[in-house]
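Paired with chain B in one complex and with chain C in the other, chain A is shared by the two complexes that follow.
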Partner chain A sequence: MVDLNINGEIRSYDVPDDMPLLWVLRDVAGLVGTKFGCGIAQCGACTVHVDGRPARSCVMSVSAVGNRQIRTIEAIGRDPVGQGVQKAWVDLDVVQCGYCQSGQIMSAVALLNVKREPSDADIDAAMAGNVCRCGTYPRIRAAIKTASKV
Partner chain B sequence: MRRLGLTILAIVVVLAAAAAAFFFWPHGLTDVAEARSRLPTGADSVKRGEYLAKAADCAACHSVGSSRPYAGGLPFHLPFGTIYATNITPDRDTGIGQWSDAEFVRAMHHGVGRDGRDLYPAFPYASYALMSTEDALAIKDYLFSLTPVHAEAPPHQLKLPYDQSYLLRAWKLLFVPRQQFNPDPGQSTAQNRGAYLVEALGHCGECHTPRNKLYGLDSGQKFAGAVTAGWKAYNITSDATAGIGAWSDQALADYLSKGFAQGHGAASGSMAEAVEYSLSHLTPEDIKAMVAYLRTVPGHPAPHELAVAPSPRSLNDSTHLTPAPAENDQESLGLEVFQGACASCHGFDGTGVNDPRAALAGSQTVNDPTGVNLLQVLLQGSRFRTDHVEAAMPSFHAYRDVELAAVANYVLAHFGAKSAQISPDQVARARRGQ
Partner chain C sequence: MSGPAYIHIPNRISRRSLLGAGLVIGFAAAASRKAHAAGEQPGLGKIQDVTGKGQTGTAFEGFAPGGFVRISPDGRITLIVPNVEMGQGIYTGEAMLIAEELEAGLDQVQVETAPPNEQLYRQPLLKSQTTGGSTSIRGAYGPLRQAGAAARTMIIGAAAQRWRVPATECTASRGVVTHVRTNRTLSYGELALEAGRQPVPQNVPLKDPSQWKLIGTPARRTDSPGKTDGTATFGIDIRVPGMKVAAVAASPVIGGKLVSVDDSAARAIPGVRDVIRIANAVAVTADHYWAARQGLAALRITWDDGPNAGMSSAQLIDDLKGAYGKVKAIVARHDGDVDGAMARAAQRVEAEYELPFLAHATMEPINTTIHVRPDGCDVWVGTQVPTVAQQLVAQATGLPLDKVAVHNQLLGGGFGRRLEADSIQQAAELAKHVSYPVKIIWSREEDIQHDMFRPAYYDRMSAALGSDGLPLAWVDHITGGSITAHYMPQGLPPGEIDPDAVEGAKETPYDFPAVHVDWTRADPPIPFTWWRGVGPTHNVFVVESFVDELAHAAKRDPIDYRKALLGKNPRSRAVLEMAAEKAGWGAPLPPRSGRGVSLHDSFGSHLAIVLQVAVADNGEIKLQRAVAVMDCGLTINPDQVKAQMEGGLNFGLTAALYSDITFRNGRVQQSNFNDYRMLRIHESPAIEVHVIRSTEDPGGVGETATVSAAPALGNALFAATGVRLRRYPFDRGRLASQAMASNARQGTTALASEDR
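After this line comes the complex of A and B, so read on.
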């Protein structure tokens, strides 16, 4: 059994301790907002927050998470920064196919928590690990800028 | 004149006979019955042998991957050709099932096969020679408790004259100790236990000590660091700058038992394997003993440019998500590759975003401007696995040479404050295993 703190709720999960966090989130906890993309931390689709830092849940085993706080896309609207990002995403209609977008939003919120007013270079650096094959990058950047002014 | 000629002839004949005897006289066997009588029997000896086999890291070389442990077959590509690890499961035809106690001990201490042929020192008998006969026999008991696997190791492919294995007798005369480990009364019990673990079982020097022209370990530079099979084994002398002198006991123990230590990065390549197969299985007391012994190894300095930069400004000015503002002003291919491919796990401030093993601050690999291990990690990835932990970095071999060279130079500058000049050619050579 592994105890995990997901979105503020601590529960025990009957999973092997080397199971990737993403497997637990999607297949055991039923939180399917976080997506599986590449499985090797190269695309960013599976990004969640672990103690506020963006983490690639496909390569992070539950034993490596320990008792740290996990936040997924399902709970991102619980604080003002997350709400601001959600609103900007909707206002600018950022999403095209949408598959990568939970990861994009998780990375964007993490960036705004570290840098309230990120420069273009900051956005490039913090978001470059989140791949979008529809090419919504210009709208992502614009939405982060919009959210930063709220 | 004639008498002089005869004398010379006689001398030549005697020397030739002596040389022939030296190289071709069959190896004898030492009676090990007394050591056997001191060993416990059955499961107790097997259990002791299992621990010792792990401490001696037999599995790392005598297995291919984790599929058939101890069944051999792993190739070693050496400057003289390729040799293959042998099957040491108790299979009677292809393994060691027919070996006697004395034959096994002779192999461990003197590097001689069951058929009397001299074995190549990729099998680290120059270290195992220090092992006690009882411990060697316990390892044999453990190996004989395994399920026999029928697996013939491929024949060695060596160039002349290296395929003439009898020549190894001269090498052994120079480089193989003739005595087993003898505790030093001037050292503590822990230091002596550590010395035995490091020197006799762990054979750390086989990678960490540079080799001389005859491919023997250069004892004058003990543990000063060397490149073996494309990976650099770092300086582990007590030198505070070049070696591990400035590491805390806890950091050393963590690195040995878990494969990483806070502020020193993580082990990759052969060292990650040594931790996975061997060191992570040792008791905390034995790890402490190894640390106590390593402290006593005299410091061996290294050029200043290899020293780990304590706290580079580039790290202090970064957050985990964004690099130092000064770096953003430069058009840098290295930064571009790093932020897209590396930053999501490693971060920019050296603390590691996804996993403590991804923390690069203080790691020797990102402070070594030769980039030997850095290129290996980029090209091969890195993997660490124990019963409870699995951490992996994928291979980035699909990137072009120019991109990998750029990201290597960026990483060395950003995390190690080193001005490195890794060229695309160097990446291409590393790719080819040169």
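After this line comes the complex of A and C, so read on.
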């Protein structure tokens, strides 16, 4: 049994210690907003926050998470920065297929939490780990800037 | 392309099953139905092959669930769009077409994707219920507006009857009918049941474009909110009670077979349920995907590698090139005196181009959730071909077609991969061995290595230039496989051209005095299919690179040279001129920087893109800025045209810079995003898009900018470095500066002398 604090709720999960957080979220906790893209931390689709910092849940075992706070896309709208990012994403119609966008938004919120007005170089550094196959990068960049001004 | 409206009045049983649906309007193109029945070649779907006989014969009789408009008495307005959403914004664009004539706001409607039903949702251009080939808006533009207009007419008719007034005294707006003289109102929901009993209107006049409220406005995507808060459901997100999750491995050598499996270690892993063997694959089901993955990794599998055991890229390319001149070419086009022009040319230019195998690598890995029962089957999947999926599952399970329910979901990218239902067929073959619902997920490695690839091509170009440097003759010899042939029940008849193989080459934007285009068929021994941009993505790279070569051979500016060939093509000339102007064409740039242009007329649209790059001394490429000017005729949702220009260009740039599927010992050598990499945000250029305002018929959009990417980049690299690269992904080693190259040589020499 592993105790996890997911979106503010602490629950016990009957899963092996080495199970990646991604699959606990998706297949055990039923939080499918966090996506599987590559399984090797190359695409960022599985990005969640662990104690506020972005983490690739596909390669992070639940034992490595420990009792730290996990935040997923389902709960990112609870804080103002998350809300602002989601609003900018909708206002600019960033999404296309949308599959990578949970991860993009989690990375963007994590960036804005530490840097209120990120430069292009900040955005490059924070977002380069998130692949968008549809190529929505120009709008991701624009939406982060829009959200930073709110 | 547009057909009459049909109304489907629910019978009693169906009405119960529809939970209070009132008005249900369906629509189909009678002409295309006849064409299908007569055996006309289908487009991007295997429909003729698999639809089944009875379906075309009994079209439109009895109740058909769905149609395009469903209004329930509680006021819910549901628009059922015939195409699937894979990022291109079609849920929004097609909803706009219906809502415009229905007189409802986008904020008042829910959008659903159509269930598999060839009678109702056969796409007029592709002649099947298929989403692909940038055809959706072109196919739907007339029929969906007519569907909305028919529904509005029936709703108004119902109101007029209730009020006992002439229908002409009533108007409709935002889901409400008003009797203007008395100012009485009724909502669509209040009229739904009566509207369903109204006569079918024939030839309802459509609104004049000056009256449009939605079409042409930058409407927000209907799917944005769900895709930003984690609630959007893709196929991979489906969860069904009692469901297990499976990991699967197909023969690592394409075409190989499963011989035996030792599953003792796998079965010992907690959570593992079953090990399923089929002819060429094995799957492990488990309580969750992690256990399934662990179980799969613990299997000891023996494969029979089969006929492709020794296959290599070198062999495939040799075979491709060897087919040229050996296999008889089929002429796609021969106009004017090509031989005479070649004989009297002031200058002749020749070049050979190559294109690699490509994987689709949709962000959502391939997956299918399926529950096979003795009396029926449910399939949850995101597919571009729902009726093909239904048919293949019926075949695999032995169930009648009407017992197979396909629940189509949002697609986490399609790009042509989900035009193929091989994975859905595999899922059915696996799932019939277990009683529970199972979600089968391909790992990213499985997804890339068992893709159906965009095939390699080998093209030989030649041109005769006159004394003014302009072409007297243009010759394009294409060598490559036939994708279309796989979609024809009897294959491609001998001597017939595959239109996809020559699309973008047979017709170019340019006016050449003499033209010869032919195609040598050379199918690789592995599964291959369409990839975003289909024929034009292959051919326009060659055509636009070679036109650029001719301009330089003629010592002419590439934009001016193209303009000289566009006398009969004002729309292409206009986008080219505007792109050049907006990009600052001709303005000085630093050394090893350059601008390249690509122009093409594909999918009924005209697109010019100018791309500016800088090349480092070591050959690394920096994409700086792109300017796209699009004339796609009338735009339904201009902001989504822009979005497709931005995304489509980046998609194509990934291929031009990085994508190359290679084979060794019959196995794909790439496996994941580490070695089949994607363009990332810091590599994406700034992209500026201009969309021409036009009243011409809508053209296709979703694939056009992908088509432009490689030629624009190749031409920009030539402008920056003077090196012409005729194969992509572009070889950075050949772009290193002279100084760098000579340093490298000296370094090698120094090392070599030290070694001595």
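Rule of thumb we're sticking to: the second predicted complex is superposed on the first by the 150 of 150 C-alpha atoms of A that agree within 3 Å, B and C clash if a C-alpha of one lies under 4 Å from a C-alpha of the other, contacts with A are read in each partner's own complex, and residues count from 1 in each chain.
The rule is short, and it goes like this: a residue touches a chain if its C-beta (ideal position, glycine included) is under 8 Å from a C-beta of that chain, and two chains touch if they have at least 3 such contacts.
Remember, predicted model here, so these are calculated numbers, not experimental data.
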{"item": "Which superposed partner A:R133 touches (first chain B, second chain C, both, neither)", "value": "second"}
{"item": "More chain A residues in contact - chain B or chain C", "value": "C"}
{"item": "Touching partner for A:I10 - first (chain B), second (chain C), both, neither", "value": "neither"}
{"item": "Which of chain B and chain C A:Q42 touches, first, second, both or neither", "value": "both"}
{"item": "Contacts of A:G77 with chain B and chain C, given as first, second, both or neither", "value": "second"}
{"item": "Touched partner set for A:V150, first chain B, second chain C, both or neither", "value": "neither"}
{"item": "Chain A residues contacted in one complex by chain B, in the other by chain C", "value": "40, 42, 124-125, 128-130"}
{"item": "Contact footprint of chain B on chain A as seen in their complex", "value": "17-18, 40-42, 44, 47, 53-56, 59-61, 63-64, 110-111, 114-115, 118-119, 121-122, 124-126, 128-130"}
{"item": "In the complex with chain A, residue positions of chain B that touch it", "value": "319-323, 325, 328, 335-336, 339-341, 343-345, 348, 353-355, 388-392, 394"}
{"item": "Parts of chain C lying in touch with chain A, wherever the complex brings them together", "value": "85-89, 220-221, 223-234, 236-237, 239, 245, 270, 287-290, 361-365, 410-415, 441, 443-444, 639-640, 643, 646-651, 653-654, 672-674, 678-682, 684, 686-687"}
{"item": "Of all residues in chain A, those that touch chain C in their complex", "value": "15-16, 19-20, 23-24, 26-28, 30-40, 42-43, 45, 72-74, 76-77, 86, 89-90, 93-102, 105, 123-125, 127-141"}
